[in-house]
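For reference, chains read A, B, C, D and E in written order, and residue numbers begin at 1 within each chain.
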Amino acid sequence: MGTIKNLAEGITALLKGLATTLKILSRKPVTEQYPEYRRPLPARSRAVIVLTRDPDGEERCVACYLCSAVCPVSCISMQSAEREDGRRYPRWFRINFARCIYCGLCEEACPTLAIQLTPNFETSGRDILKLVYEKEDLLVNHGGKNNEYNFYKRAGVAMVGDKGTQINEDKPVDLKSNLP
Amino acid sequence: MYPQVIFQNRKPNRIATIDEYRQSGGYQALTMALQKYSPKEVQQAVVDANLQGRGGAGFPAGLKWKSVADDAPFPRYLITNIDEMEPGTFKDRIMAHADPHMIIEGTILAGYVVSAEKGIIFVRPSYESSALILEREIRIAQEAGYLGQNIMGSNFSFDLIVHRSGGRYICGEGTAQINAIMGMRAHPKQPPPRSTEKGLWDQPTVLNNIETLVNVPHIVRHGAEWFKGLAKTKASSGTKLYCVSGKVNRPGCYELPMGTPLREIIEEHAGGLLPGSEFKACLPGGASTCFLGKEDYDVEMDFEGLKKCRNRLGTGAVIVFDQKTCLVGATLNLIDFFVRESCGFCTPCREGLPFIRDLLWRIEHGEGEEEFIPILHRMCAHMWKSYCAFAPGASMPVTSLLDHFPEEVHEHISQKKCPFKS
Amino acid sequence: MLLEWILGFVFLIVKLTIVLIILLTVAAYLVWVERKLLGRIQARYGPNRAGEFGLLQPLADLVKLITKEDTVPQEANKGIFLLAPGVVGLMALLIFAVVPFGSGVTLWGRSIPLVITDLNVGLLFILALSSISVYGIALGGWASNSKYSLLGGIRGAAQMISYEVPMGLSLVPVVMLARSFSLVEITNAQSARPFIFVQPVSFILFLIAALAEIKRIPFDLPEAENELGAGYHTEYSGMRFGLFFLGEYITMIILGSLIAVFFLGGWHGPLLPPIIWFLLKVGIIVFTLIWFRATFPRIRYDQLMNTGWKVLIPIALLNIVVTGALVLGTS
Amino acid sequence: MPKLKIDGLEIEVERGTKVIEAAARLGIIIPRFCFHPGLGPVGACRVCAVKFEEGPVKGVQMSCMTDAQDGMVVSTTDEEAADFRKHVIEWLMMNHPHDCPVCDEGGHCLLQDLTVAGGHGIRRYLGKKRTYNDQYLGVFVQHEMNRCIQCWRCRRFYQEFAGYRDLGALQIAHHTYFGRATDGQLESPFSGNIIDICPTGVYTDKPSRFTGRRWDFERGPSLCIHCSLGCHIITSARYREMTRLEARFSESVNGYFICDRGRYGFYYTNHPERPRRARIRTEEVSLDQAIQTAAQKIIQINQKNGPKAIACLGSARSCVENQAMLIRFCRVQGWNEPTYFETPTMAKKVKRAVARLDEQLAVSMREIEKADFILAVGADPVNEAPMLALAMRQAFRNEATIVVIDPRPVFLPFEFEHLPVAPDDLEPCLTALIKGAVHRSAAEKMGEEALRFYDTAPAEYPDAPIKNRMVKITQKLRQSRYPVIICGTSIVRETTPDVAADSALLLRAARGRAGLFYLMSEANTFGAALLSSEEGSVMDVVESIEKGSVKGLMLVESDPFRSFPDYERLKQAVDKLDLFLVMDYLPSFAARLAHLFFPTQTLFEMETSFVNQEGRVQFATSAYRGGIPISQISAGGHPLRVFRRDIPGGESQPAWQILAKLANIISLPGREMFSLSKNELWSWIAKEYPIFANVPIADELPDDVRVHLAQGREKLFPSGGQIRSGGLSRENSTLELVMGDWTFGTEELSTYSKYLQQVEKEPCLFMSPKDASMLGLKDRERITLPLDKGRLEMELRIVDTMAPGVIVMPKHRQLAWQKIEKWPVKVAMGQIRK
Amino acid sequence: MLSEELLEPLQKRIAETDHPRELVVDIMLALQNHHGYLSDQAVEEAARLLDMTPLEIEELATFYDFIYREPVGRFVIHVCDGVVCWMNGYDSVLNHLFKKLGIKPGETTEDGFFTILPTACIGYCDLSPAMLINGRAYGPLTPEKIDGILDRLRSEAPPPRMAR
């Protein structure tokens, strides 16, 4: 008896499946017609990477190597250097988008909010070397998702102002102070 | 009135001269000791008298001297500590201004016991007057032959100098004081080696509080039993200088038997609380002791008595608070003091105390949160794992504030302001 | 006589050419149809870029396949590797030689049968050729020198052996009823009543077995993409890959034609001309195959073997016995 | 031996071991900031708290301050201890800035590690962060006080361990500040170590500032070759550039630290002018082509002038492989053996020293730390081998007496007895001390020769003030239980190494234990002395060139223009050559003159071996594969986007491989062919020099293999009756010129470092007050000094810590001192003028 | 430079002491009295006298409370901020001083007379609130008393050597 029941159930299932597909056949497709229609992407969708700037227009990247360290496909490389005023910056900064998997770990690791993923994903081209982006290609003139943040205002090193003048800092200790 | 031993020559507004001191029996003990007693015998007398160190820890002075090994190398040093910076304490100053020769004789006797060749009186800069007095009187004692080579014909030679400090609370700590004398930063140093083995310039060094030493001549002269009899309680001996300050009618330094009840000290000797004031709490032994509430008002003020109510005698400086004083504010003031005076050597003290200060400041200024209280508790408990006794002492007022006066703290937090400020 | 023979030959060539062109075109557009249908069943558009409604897609595919580099793996058995796709394509085309797609037309006084050749053992010819076509797969899989291809080839061979038997057996009742191996005869035997009504069991058995023979979902284990890459044709590219593909889609049409011939009465039908009926029936079958593909998942290998040996063969045998008894009884 | 239990694991340790060390041996790393195995415990940071559950100590205590004792049961995971440690981290992080991304310590920061490990993630402190202003601490060390966690390591290293007094703690409490009194270069030549020991980023490496993260560096164990001690180092390379160098712990050589010369001397390997291509005259060619050309020329000369017409110079800075291959090369070709030393005297001194250093006498630097009496003869540790001074200071801290007999104004970072005597008087002064401290019976026990040595050695030093000081020193030496003699080889006379060895033997006979420690001039002087068989010298080669018997000269990593005393003569000799072939990695003067030039690899690019002055065979791995640094190729911009197989500028090869290739081309048929395998070379070395036979040629780096020639076979007391009597017998009208080393500016490789160039002091001439007053010269006057071939102009320094009758001058990079005909140089007094 | 009469007794004391470093605080105080505060120059002088490095002097000078590394006035008012004085009106004393002298803690008056430095308990708790001016203690303080003290000091003292 069980076998027949199973058989019956099996056949019904097959038929149900057939019915379902047949039903969908009559539906209107849901596909969007790209590129005629470009669906607006959420701001947090992950595609091409940019390097943003501070509110005061300086490049945010301090070449701390955290993004390159965290990158699972090793597509980020850079060379840090010291600017004349002591600011740390990437002498060159390279992302190989031919390797990038747009996982966004670099953005998460970035302590200065410099590296950010944007919704722009249209980068395909015929020359693979064109997918190797240098700093000039990556730098943008805005702060990206957060226009306010300035790393050096919180870092505790003297860069955008003297020591003790930044957020949540006390005046520098006066070594020779007579006060107890 | 109780018998005055240390203050027997205390005159209002005047310093006792060497003659006055001699008239009262001064330098007899030294003469007796040099002529009749060996250092061991003097040491034994002090051990018998159970002379507890008056600097705060209460370690028997005789035992400390004993820890200088017989075959310890020479030269040996003796340091007399007049670096009292404990808020509420001023007995050393009173002593130096009352009877400097008693200090000198006590120091010489102690030097005799440990065969030291040089004594150093370490004076804080606020007591420049005391330092000048002592320097002058040391010269007088030298001229009188109580100091120098082969004192009074014996083969004991002893020099005494006054060393001025640059002024830091931590210099009162024994090992830190030794470092300070050596011209180094006054950081405490944990044994081994003990300073009685390797102290000043790596030589055996004994360091005593001045109030401990002034008792020595009297013990030598009158014997251990007499000294023990001076105290009110069995466990202790001798008299104690109690400095009473705060909201009392007659703040001052009073020589009373060890173990005099707190109520008696405040109400009889210090003239009771100011009109309109009511006893709320007191610190029984300076800043690094616990608040003592009304429930312990009758405690016997000696090392044992205060230990029983989980407190410390410390320097015996009674600071009296009345009901109009904000204890959170007082604690904040104390912690402020400790934060500033920490030597900065170990982490809990250097960084932990500012953390505690910050939390207390927020509570006092209406920015407190209930969750600060467990943080304060934990941090105060951890203060006991710091390098020296400074941080544990600093944590005591905070811990006792949280334990004995929790309502006051909660009131600060719930009202978002200090209830004592209008 | 000679002229007759020459004329007949010319007609045959013309017929062959027409059939071949139609067949290839249909096969090519079948790809388009399948993709379009699959797309719609998945709520997508399917190909719609090359030409209107993507109608030029087959052409685009063809161009792409032809221009694509024809790679041969370094360690492959080159001769066999190159031969294998040809076998598949050729066998599929050969089968169509015996499939009748109409009753015949009269042109310039000549009666031209709408079948390339009406073999009197057409059915056996079909069975034979369909068995050979698996050589293409097995050889291609083996010659590629790739473990995926080899597995795919082995699976194809095993699957063919397992399902050849029930397929053959399921046609025995048909032959018993039509009393002929000729496909034309079989068609004609159904002029009144298609065999599907008298032999539903045979029909189902044949459908299942034939699905397995042409390796279509749910029986596409030889190329199981997610296990074997693409199975026997993993290593193929360009037009050689195209030949495998072509073979598959021609086979689909053949299967449709065979089912139409064996069970649906071939070109017989009321009102409409016979060729239309035939195409309609083939179309329905082909649509069903695509529909199945869009609906059913691939079965497991053990299920495949179980079904073939333990279910289909016994049922087919039983069906022969019952049919035989009934035929004897009624005649 | 106390036995204790830590986290359930039992361990037995020596008495006096701290619990934190015992745990480390079990693999349990207790957090620490202030504790450093090189500096010992201090108990300031309190982060090493553990719970003592049973035993003599109870409760939560600091594991660094507690001696391991019997019966202790320790828990490192105890809740209260862990909570306390977490609090300590929280306290330390209260004021720590948020600047890890721009901090060079990020990635190898102890504070970072422990913050993560301790689980402190959320900031509870609401107050403001303390800040400090930073100081300029010189070329090497970057200061960033905000990051300080007041662990006191820097001050303890700087003041207590190293003995320099210009960096310390200022202010008090939570304002404690570590720095100098005023901005300025740190005075200590060991200042770089505070970078290594700082647990966070207060002191960071300035030259490598912002160049990369630890995880990106190719790091490997290597050796320092900027003096003969052979300290162990860790290299960090990135993008084909050596970026940074750190100390590597070594049990027997350098401990935990290295000097600044070692730390910042490596920049020669990145030098922008470093020759990277082979050259024929000025034309750059491929290496193979150059080898072919060289082979042709060599064959020509050999055919024309015979095999002895080509001379080879090796150098003491070259590795064992290069030195050995050069010798093998010459032997196979039938040429004269290569030369490694400038003068015959130098060769003899070094060879004597190597011959006299036997297994029992030789001491390592670690053993020097344990000595209770150190007698340095003709040695200036801070300048010649800085780490030795640090080892001596540790002995000093353990209450050792330290005596230096040297004419130069020796400075050491601790109190020591300096007996400034002229080079001629070094030996009598030494023997006088030894004779004062060793009874004749000790010599008697050692046999006749020892006795003869004892008897003929001068027993008294004639100069009265020094003699008086020697009384006390002799007394100390008499009481010592472990005396060590340190003997320099640069300014001493030929016989001094022997006298020092004999003295050490006598001391050992008398005291039961004694050590001998030679200082040599370069990293592989010991190796050169071991390998070279003849006592030829550059001087001889130059003479042969002048005579015309030598037509070709091959230099293997050698620049005689630096070290040869007579520059003009050498230049003329080189100009006469038919073939001048140079292999080197330095843009040296010789390299510029070369007819044929081959680029070779530096220590950092090849696997090499060196023998330090103690006879310790040490191995170095390659740090990177060579080639022009990316930063130099791209001029700071991004690297080129090209695919290529070879390394740009990576043509350099180990000199010994170039030699092997060259030999294989010029070799006549039937002669031995050289393999390019290092193992093959080493088996040749082991075969030819049995002393190396027990050196394992392994992939690991053995640290404790020593080779020593003298194993009882060497003739002891060879100086017998002819010890220099010395003793003020010199004429008064001349001064002897002594050329010493300076920490920075003398050693060849490190002079190519642009960072060390910045801290070089300007060379000057030292003179004793006595001589100066006779000449009427004043301190800091500019004077001219007459030499054999010209005059030198420099500043005069009058110092009272040097021997009279001697003037001292550094062999300095900035000083063209090579105007000397012959050593020793006597300068007529009247010739020194303003 | 230091005058001979100042230098000589110091050098004599140093020569007499076994461990000259013991005198470092005394020397610093002496130089401080001479210069008014322990100037950078004084630090170097002290270092020279004691054969120490300026850093070693600085380590101590910045450690101690009563060594002034910055210029101070003729009178340094150490106002006790110990708990007893705090309880008895430290705030009002300090505020009165601020108002009267027009300076904040650590600052020196324009005329160079006074510097206010809050200080840990000076040991005059029986006279609280108290303050210490150039080693001399005053207490218990009231605004009137303070005025009196300051006026007297200002009138009696010689004009300050160095106005700010």
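Structure notes:
Please note the rule applied: contacts are C-beta pairs under 8 Å (C-beta built on N, C-alpha and C of every residue); 3 or more make two chains touch, one makes a residue touch a chain.
Here the structure is a predicted model, which is why all the values come from computation and not from measurement.
Identification of common neighbours of chain A and chain C yields an empty set. Here the chain-to-chain distance from chain B to chain D, counted in touching steps, is 1. Across the assembly, the mean Cα position most removed from that of chain D is the one of C. Taking the mean of C-alpha positions as each chain's centre, the chain lying farthest from the centre of chain B is C. Of the two chain pairs shown, D-E and B-E, the one joined by more C-beta contacts is B-E. The centroid of the Cα atoms in chain B and the matching centroid in chain E are 25 Å apart. Here the CA centre of chain A is 59 Å from the CA centre of chain E.
The mean-CA centres of chain A and chain D are about 49 angstrom from one another, to the nearest whole unit.
Averaged Cα coordinates give chain B a centre that lies 109 Å from the centre of chain C.
Multi-chain contact residues, meaning those touching two or more other chains, occur in chain B at positions 168, 185, 340-341.
Among the residues of chain A, those touching two or more other chains are numbered 175, 180. In chain C, there is no position where the chain touches two or more neighbouring chains simultaneously. Inter-chain contacts, as defined above, occur between A-C, A-D, A-E, B-D, B-E, D-E.
Every residue of chain D that touches chain A in the complex is listed here, in rising order: 96-102, 106-107, 128-134, 144, 146-147, 170-171, 175, 177, 209-213, 215-216, 239, 630-631, 634, 636-639, 641. Chain A meets chain C in the complex at residues 14, 17-18, 20-22, 24-25, 27-31, 33.
Per the touch definition, chain C reaches chain A in the complex via residues 37, 39-45, 291-292, 294-296. Residues of chain B that touch chain E in their complex: 84-90, 92-93, 124-129, 163-169, 180-186, 201, 243, 245-247, 251-253, 283, 287, 317, 319, 321, 325, 329-330, 333-334, 336-337, 340-341. Looking at the complex, you find that chain E touches chain A at residues 37, 62, 65, 68-70, 72, 105-106, 115, 117-120.
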